[in-house]
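Both complexes below contain subunit A, partnered by subunit B and then by subunit C.
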Partner chain A sequence: MNKRSTTIYWTGFSVILALLIVAPLVLSEFWSRFLTEILIWGLLAMSSDILIGYTGMVSFGHSAFFGLGMYGAAAALLMVRPPNLWLAIVYGLIGSAGIALFVAYFSTRLRDIYFAITTLIFSQIFYVIIFTWTDLTGGENGLTFSRPALGIPGLFSVPFSSETLHWFVLAVVTASYLILRRITQSPFGMVLQSIRENEGRTRAIGYAVERYKIVAVMLSGLFAGLAGVLYAIQNRFAAPDFVYFLVSGETVIFNVMGGIGTLVGPIVGAAFFLLLRETFSRFFTEFYLIPVGAIFIAMVIFMPQGLLGFMRRWLNQ
Partner chain B sequence: MAPVLRTEGLTVRFGGLTALDSVDFEIRRGEIRAIIGPNGAGKSTFFNCLTGVLRPTAGRILFNGENIAGLPSNLISQKGIARSYQITNILPNATTLENVRIAAQSRRHSWSMLRHHSAYLDIIEKAEAVLEAVGLRAKADELAANLSHGEQRNLEIGIALATEPELLCLDEPTAGMSAAETHDTMELVRRIAKDLTILIVEHDMQVVMALAQRITVLHYGDVLAEGTPAEIQRNPRVLEVYLKT
Partner chain C sequence: MTPVLEFLQAIPYDQILIQTVNGIVTGMILALIASGLTLIFGIMDVVNFAHGELFMFGAYMGVVVLAATGSFWLALLLATLIVALIGAALQITTLRPLIGRDPLTTILATFGISLVMQNYALWQFGPVARKIQEPFTGQFTLFYLEYPWYRVLIAGLSAAIIGAFWLFLKYGTYGIWIRATTQDRVMAEAMGIPVSWVYTTVFAIGAGMAAASGVLFGPLVGVNHAMGLDWVLKAFIVVVVGGMGNLGGSIAASIFISLLEAYASIWVSPAQAVIVSFVVLILTLLFRPTGLFVPTPK
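Moving on, here comes the complex of A and B:
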């Protein structure tokens, strides 16, 4: 990146960040909450982009990582007294990383559609386990818990308001974005992109491709789990619906709509999709999926690079 | 001097077809060796065995005295055998420099995650030195897909070189090149041969005769003859099966 585009990038970044910081003070309670939720789904989408966009592996199992993050947070919030925010994050990350390692170990031996199907099947296995193991997970009803306070033990502790929750989520998502962006630009990130471009050649120049894929899936799962933790804290419940493959499918749709391989694109895609759903479900009630589906198909045909790719080309003209 | 690479009874069978039939082969350090033979003689199969693409049915491949037969290609690369491909096999959507840099990076820093790749100056220096060596310095920021065919072939060699090999296997490096490009590539191979051992499969007899110190002729998976270019050109069996046709 040259100096000028670096300046433009950081200016844009600061402006958007500033808008997102101010947003809860300006928006109504409903839209403010909606924006927080967009950020959380955006983080999930972004985590999946590491695989789809950068390594060339389409995961249909991100609901499992998201869900394990949720249930991990639930475990911490229900078992440890008083409920601790940071412990919820740690439990969620351990849960999702553990599952990600398990899934990665088996699924990275396969490629393309076989990888996608394997991740899908694994996530459905976890769904069934969570759905049926009622004693531990609450089964169909899931688990409810109270929201932990925002604070640092021994220093301060304040209950979350909707503004502070938004800012907390924004801070976590922004930090995750910066970390993921740095990873994609690091030597390790270069290897992932090389695997995407030409797996055989990447192996031939000395890379143990499978190991890089396992680490990529784990990283991706870790950030998906973080999104799950945030969602659990926002909504004060963990439910099996969020481990169901529909969530994985939506994650892929966010990526395709926004533009894969860009990290920002998936967040844009999540925002766009959720806004569409919100708008259409007001007019079409439960039939909202019909117009949303039609728009998605049109987008895939007319802007295969997603919203971000489309905007980029439009700006360059 | 001990051979850098030796195969003992190297055999590859595909079902009923024997592609390599108990090949015993040796190459000294610093040598430029050509492997020639008609189509289907087993040249590519031989390369594929050396570089871990194929697992031999039987036999041993000793590289610096260590048996590497059946190891995956990434481990063989790490041990010091590199390869350029007959069909250009690069990262088309990356720049020339990026293609070489990713190869150079396979020896160091490849797991680093938290610093920007441009902060690793040793990798960039290595990559630039390789581009200099293969004559692509001026095209460093060009997309690999936009290079001419001849340039892409040399980039192939550059990628292989960037992994700092001891033994470099070149699979038809001058295929499809113009006379001028062929000449340049031969010069390039001579230059890099000063520091490493080169094994070359080539159809262009002028290239083979001019470059190779010794030639091995494969025929139906067997070593038919081996010797200096002059000996090979006079060998009646070689003339019969190969050079005449």
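Moving on, here comes the complex of A and C:
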């Protein structure tokens, strides 16, 4: 990146960040909650972009990582008294990282659709386990818990209001974005992109492709778990529905709608999808997926670069 | 020797036999669904996520036609034809533009189709499960159970449909076109075979077979909008275990996996028995990625 585009990038970044910080003060309760939700789903979509966009592996199993993050947070909030926010995050990350290691070990030996199907099947395994192990997970009803307070042990502790929750989520998502951006631009990220471009050649140069893929899946699973923890804290429940593969499908939809391989694109995609859902829910009630699905199919056919790629090309003209 | 004898005596032989029959019946239904799926994959490189929804649509068409005409066999025939036409229309509008792109984009497109179809069914027919009346209700005695003849008939009919289809592929002119396209797309095109119409036909046939199994399976469970999801997952497993694009392999795998699940459900709940087939899939992918029933791994 040359100096001018770097300046433009950081200016744009600060403006959008400033807008997102001010948003809950200006918007109504409903829309600011909506914005928080977009950020959480955006984080989930961004985490899967590491696989889809940078390593070239389409994961249909991100719901497992997201769900395990949720249940990990639930475990921390239900078992430890008083409920502690940071412990919830740690538990959630441990849960999703453990699952991610397990899934990664097996699934990274396979490529393309086989990888997609394996991750899908793994997420269904965890779904069945969580759904049927009623004693531990609450089964179909899931688990409910109270929201922990925002605080640093020994310094201060305040209960979450909708504004502070938004800022907390924003801080986590922004930090994750910066970390992921740094990772994708690091030598490690470059290896991932070379795996996407030509796996055989990357192996021939001497990179241990399998190991890189395992780390990529774990990294992706870790951030998906973080999104799960945030969602659990926002909604105060964990339910098996979020481990079901439709959530993974939606994650892929976010990526394709926004534009893969851009990190920002998936967040845009999540925002676009949730806005579409909101709009069409007014006319179609719970059948909003009929028009949204049709739009998605049209985008797969006519706009494979996603909204962001489309916009970029349009600006270049 | 006593522990071995005790173990042998503890095996519930009658249950195992009943579950064997059950497993073969569901296996044949599954084979009917999976052979369409594997055909579509083998010929078009399309991973059809919407296959379960075509199955579900077939069952609903069966309900509608049965209510209108009162004849089960007419319902079976018409539902198959209608869904085959729907399949052809879907292929022309959404999959034809994707020919030549990454096979992964077809997963996305068909996933979109499945969302639309599933919600359309929910909208049109509501959340309450519908029932298809079985064409006849005879039973025979199997140990302590009255086993319905209809289930046996399903297995026979599925086998007949698959057999007819195999004969068509082997000896019919259009069947030969289809096989030629599988072997070498470019050469087939050069020989004057209209490859894009072969694709459409194959998708329509696959859709029709899924619909037929939907109607046949309808009387055993209720027909509802979410019934496709379980089956499409199972069919995926079968297609991978049997070897992608391998018709014989997927039939063998259907029966193998259904039997395993049937036996597992003697000891655990049916919801947990699904895990058995998941594990089979993962083991297959790890040790025989080209499929269990392929003679020589490539």
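Side notes on the structure shown:
The rule is short, and it goes like this: the second predicted complex is superposed on the first by the 317 of 317 C-alpha atoms of A that agree within 3 Å, B and C clash if a C-alpha of one lies under 4 Å from a C-alpha of the other, contacts with A are read in each partner's own complex, and residues count from 1 in each chain.
The rule is short, and it goes like this: contacts are C-beta pairs under 8 Å (C-beta built on N, C-alpha and C of every residue); 3 or more make two chains touch, one makes a residue touch a chain.
Quick caveat, the model's predicted, so the values are computed rather than measured.
Judged by the touch definition given at the top, the superposed model places A:113 against subunit C, while subunit B stays out of reach.
Using the contact criterion defined above for the overlaid structures, shared-chain residue A:190 touches subunit B, although it does not reach subunit C. When the shared chain is aligned, no partner comes close enough to touch A:8: not subunit B, not subunit C.
In the superposition on chain A, A:58 contacts subunit C only, with no contact to subunit B. Counting the residues of subunit A that each partner touches, subunit B and subunit C differ, and the larger count belongs to C.
Of the two partner chains placed around the shared chain by superposition, subunit C is the only one that A:249 touches, whereas subunit B remains out of contact. In the superposition on chain A, contact of A:17 is made with neither subunit B nor subunit C. Touch criterion met: A:289 reaches subunit C, while subunit B stays clear of it. Once the two complexes are laid over each other on the shared chain, residue contacts for A:79 go to neither subunit B nor subunit C. Touch criterion met: A:204 reaches subunit B, while subunit C stays clear of it.
The part of subunit C that touches subunit A in the complex is made up of residues 47, 94, 97-98, 101, 103-105, 107-109, 111-113, 115-116, 118-120, 122-123, 233, 236-237, 240, 269, 271-272, 274-275, 278, 281-282, 285-286, 289. Those residues of subunit A that touch subunit C in the shared complex are 58, 60, 106, 109-110, 112-114, 116-118, 120-122, 124-125, 128-129, 131-132, 249, 252-253, 256, 284, 286-290, 292-294, 296-297, 300-301, 304. Of all the residues in subunit B, the ones that touch subunit A in their complex are 51, 53, 72-75, 77-78, 82-83, 85, 89-94, 98, 101-103, 105-107, 109-117, 120, 123, 159-160, 162-163. Interface residues of subunit A facing subunit B in the complex, by the touch rule stated above, are 182-183, 185-191, 193-194, 197-198, 200-209.
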